[in-house]
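Multiple structures follow.
Both complexes shown next keep chain A, but they swap its partner, so chain B is in the first and chain C is in the second.
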Partner chain A sequence: MDSSAFTDVFDEWTDSALEWVSDNGESLFDYIRQVLEGLYDGILWLLQLPPFYLIALVVALIGWRLVNVWFALLSGIALALCFWMGLWPETMSTLALVLTATVIALAIGIPIGIAAGFFTALDRFMEPGLDLIQTLPPYIYLLPAIALLGYGPATALIATVIVAVPPAIRLTSLGIRMTPKEFIELGEALGVTPAKMFFKIRLPFALPSIMAGINQSLMMAFGMVVIAGIVGSGGLGETIYGAIRTLDIATSINGAIAIVVLTMVIDRITQSAARLGTGRKA
Partner chain B sequence: MKAVNIEAKDVLIDCQSLWKVFGSKSAAAMKSIKERGLGKNEVLKEFNCVVGVSDASIEVRRGEIFCIMGLSGSGKSTLIRLLNKLITPSSGKVLVKGRDLASLSPADLRQMRAKNIGMVFQSVALLPHRTVLENAAFGLEVQGIAKAERNKTASAALEKVGLADWLSRYPNELSGGMQQRVGLARALASDPEIILMDEPFSALDPLIRRQLQDEFRQLTKALGKSAVFITHDLDEAIRIGDRIAIMKDGVIIQTGTAEEIILNPADAYVAEFVAGISRLHLIKAHSVMRSVTEFQQSAPNFDIASLARTTPDADIDELISLTMQSERDAIAVVDNDRVVGVVTPRSLLMGVKGTSAPDLTAA
Partner chain C sequence: MNLSTLQFSPGAFLAPSVDWLNTNLHPLFAAISYLVETVLSAIEAALLFVPPYALIAIVVVLAFFAVGLRAAILAGLCLGFCLLVGLWTASMQTLALVTVAVMISVLIAFPIGVLCSRHKTLEAVVRPILDVMQTVPPWVYLIPAVMIFSLGRVPAIIATIVYGIPPMLRLTTLAFNQVPKVFIELGSAIGAPPRSILWKIEIPLAKQTLLVGLNQCILLSLAMVVLAGLVGAGGLGAEVTRGLTRMEMGLGLRAGLAIVAVAVLLDRLSRGLLDRDRLPKAR
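Presenting the complex of A and B:
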């Protein structure tokens, strides 16, 4: 048996395994799709409820409180630009995708990260897996997802969650392990219960790192959500993908501008929130 | 039976033959120390384990400041952590207020640490995101005491350490000495009977250090607390401690008052340590005085009744001043209206050298 025959066999196995999973797990995957899409639709509905200027205003206000007045002005204008380019619905559905994926990624990543922070063995066990996820080209995750969940936002969400989870796990675990030894000792000497040790001593020290993890997850999600345009995610990703296929350069650039605006606004706001929430300004 | 009870009541911390062996095979190492009497080096070679504390026994009495003095690596920091079971001993018992720490449930141990044993660290360990008041109240907060009450108690504790005006500041706004005061206030706020001080002043500059030493001693005495105080500085131990234990290589070489240690060092190591310490304020009249009969034999013409008088607790410094003021060459030591001894210039000189009375009679 030569080597190409061997890989052929391997490929066959993989295909039939995937087929078997999709045949036998159909109802399960249907259910997963419904839950994901329900969550996404809910968030999207909320974001589409107010007119664009109200959202731009709220973002500008948050930006003013958390960053500064220039950032507030700029972010308000930039969001208005998205509206004037005729891309407001797409921008909101992209935001909804990113938020949904990030919320799921954090719900998975933070608890696992906390566990990994306490149990070094778990951390060491997961490390190669996280490395693998982060080194593979991200669109790889679209393939199994599309096979199991079909064309649509659910597939985009799963692939985005996979990409957004590793930084949440890594930075949470790092934060938990970063608590200085003398504060653990202080807690023990004060007779602190394990729960209070976690919430009053470990968590405050871990918070900056966890916040950085949240920010990183968001950024990964933004990156993936555009790629997920290929599988019919909706939103700006699909706009850009469609524009590229028809060589409509103007629209693809508009979509790119909208995505950059959204990413930068969210990035700056979460970074500042992290700084304010964790460290007191000197 | 009754006498034993009274004594046990006065001893707040009683540790009997404590051992701590560090390393993955510490249990096996401990066993062969007991069975085969292995030394520190053999344990390291055979089990790759380090003996941190070796057969240490101390008693800390109510109201006393007990200093443990040793250089780095002497095991003093390990020993103090055995006293509140931050480190679990490999062998031996720690009784705090008559209760064996090893027999306490985790909840009881937490209760004991929260209520009975305060601790102050060299690193201070103030939570950076909390104000001075919140830090001082932290021990009470984790005990679940309501905010108004804990803030009141913590403010009072901060006032005792002279930080009443700094309540709403953050730790990074305070000098090292002030941070250490907050650490002390945090320990005092829970009103423990025992305070464990792990080299609290070692990182401070000498002037502040001295000030804090005096304040700490006054405060501890005024509040009627007992303290175990770790230091690598013999001067500090003498300044603060009622009794001092000297540690080397995990072993307590000698325990006693500063005077006892200086006059009768247990070995060459201790002798070398105490060589540089000024005796003027440490050695008292009762240690250097000659007996009345002996004095009368050597100087039959002296009328003891005409001599200047002092008490057995007068230190060498006072005795020198008295001798210089007096016209006669001797001072009578009087206890309860009875002359118990005579201090001569010769005995003073011996005292300054740090030699006690028995040697004096031999000479």
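Presenting the complex of A and C:
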């Protein structure tokens, strides 16, 4: 059949193209990998510096300030449980991966989102691209990342950033566009400088939406980081992947509990932070 | 008490109960497996029985009449691509998995969603559960499924069904809440039985939002089915996994692009239905 001939040619072509890219761009990819891994190592080092109860306590305190006492108690105990299950290093490296990826995604997404909020043309130009990224199953973003960067946390980070950027762009640009006309006119009437207009009028109105975007980015990042266990990202994803492959039920249950705990805690905290921002503005 | 030496493993407690379930409820799980396998194999066989070109032609014609010319061309291109890259069988397996999962998800989610919109107390109970379900990373759904049904297509489809329920349920409730009360009152005023009110008044008025829910359900199910390649579900996900783990980038890329094609196809067709529905109303 002609399709098998085509696939052979396709595979060969892909391999040689990848070879060419990795031969010629090796230093570039090495550089990218070093930067990503450096960032990740830095955050991980910070997270591993204090003992577990200190982190659980800090999270509980934040939860107490932002949500309520019950949430604080529960999240503190739940995080301590991650330690008692013997999964603390994995939990922290998952958290470090998520934080690194989200920070990068926000550094990319928020400026682009702000630009898209001001220029409708850019927004319309990016819309189909963002749609496509969000339509495709996240799993496949590991492919280009692994082809260029090989196994390891850097690959997981790249794939996670791809998944986490669209909500940040979308909700930032939405927030910028939502500024009520009257306030912009008020600013113009008062003759404020464009910089002041942006920081004092547009940004405060956009903040709730941007916070929602950060929450969404974080959640997407969690979903992806766990999947990325298959490419050797380290952390809970890899623990569970290994446990499932060997049908080690106890470990996979523990890993699942740790992931659920971590996700729920981060989600509720960022959601409450977003709501608090909205409440103050309203 | 020294906190750092404390050790506790819920998994070690739960593992025996899973074992107990597996030994004592084995006939039940076997029956579920058998049922799922039979339905899946039937759909897969039906999709693969038709020669690829004929199936593409059928889909194109259906898409043309159901949605429009652009959707028909797009459907032809997407399916043609799957055939061209030599992943026809895998694509059909994935489509069969998604179809079965979405059907069951909708069958479960729709009635519960309708009930939630009728009874606020039920909604108050269901909503926090849905919140948790939608926060948890998709990977986690595969774990209990694998523990009970081992590796293969059955855990994949169970996880996919569970993962697809929340968006459909939420949007069904929303859809039925959005139906203007006036129309329902009109229905009861002219003495229509509840069944007629549901089918003739509520469902047509809720159709828009229901289709959005269906679109979401399909896309999330596809994402899950692809991910389930990791637990041996077969289909395109398995090809991607093979490409990733053996560094066969050509295969991985082909499978990845085929997934893109399938995703775009499913998205455009389900969204096309929605847009077609919207146009006459806008006029």
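The definition used in the following text is that the second predicted complex is superposed on the first by the 261 of 282 C-alpha atoms of A that agree within 3 Å, B and C clash if a C-alpha of one lies under 4 Å from a C-alpha of the other, contacts with A are read in each partner's own complex, and residues count from 1 in each chain.
As a working rule, a contact is a pair of C-beta atoms (placed from the backbone, for glycine too) under 8 Å apart; a residue touches a chain by one contact, two chains touch by 3 or more.
On a predicted model such as this, the values are computed, not experimentally measured, just so you know.
Asker: Would chain B and chain C fit next to each other on chain A once aligned, or clash?
Answerer: Verdict on chain A: chain B and chain C fit.
Asker: Now for A:T193: first (chain B), second (chain C), both, or neither, which partner does it touch?
Answerer: The answer is first: A:T193 touches chain B but not chain C.
Asker: Quick one: the Cα-centre angle at chain A between chain B and chain C, nearest 10 degrees, please.
Answerer: Angle at the centre of chain A: 100 degrees.
Asker: If you stack the two complexes on chain A, which partner ends up touching A:I140: first (chain B), second (chain C), both, or neither?
Answerer: A:I140: touches chain C, not chain B.
Asker: Give one of first, second, both or neither to describe whether A:G223 is in contact with chain B, with chain C, with both, or with none.
Answerer: second
Asker: Report the partner of chain A that touches more of its residues: chain B or chain C.
Answerer: Touching more residues of chain A than the other partner does is C.
Asker: Applying the document's definition of touch, where does A:E12 land relative to chain B and chain C: first, second, both, or neither?
Answerer: second
Asker: Looking at the overlay, does A:F183 come into contact with chain B only (first), chain C only (second), both, or neither?
Answerer: first
Asker: Going by the contact rule set out at the top, does A:P128 touch chain B (first), chain C (second), both, or neither?
Answerer: neither
Asker: For the combined overlay, can you note the least CA distance between chain B and chain C, rounded to whole Å?
Answerer: 23
Asker: Which of the residues in chain A end up touching chain B in this complex?
Answerer: Of all residues in chain A, those touching chain B are 180, 182-183, 185-193, 196, 200-201, 204, 278-280, 282.
Asker: Can you list the residues on chain A that touch chain C in the complex?
Answerer: 3-4, 6-7, 10-15, 18, 51-53, 80-81, 83-86, 132, 135-140, 142-143, 146-147, 219, 222-223, 226-227, 229-231, 237, 240-241, 244, 247, 249-257, 259-260, 263-264, 267
Asker: Spell out the part of chain B that touches chain A in their complex, as residue ranges.
Answerer: Per the touch definition, chain B meets chain A at residues 84, 86, 109-115, 117-119, 121, 123, 125, 127, 129, 138-139, 141-143, 170, 172, 190, 196.
Asker: In the complex of these two chains, what residues of chain C are touching chain A?
Answerer: These residues of chain C touch chain A: 3-4, 6-12, 14-15, 18-19, 83-86, 132, 135-140, 142-144, 146-147, 150-151, 219, 222-223, 226-227, 229-231, 237, 240-241, 243-245, 247-254, 256, 259-260, 263-264, 267.
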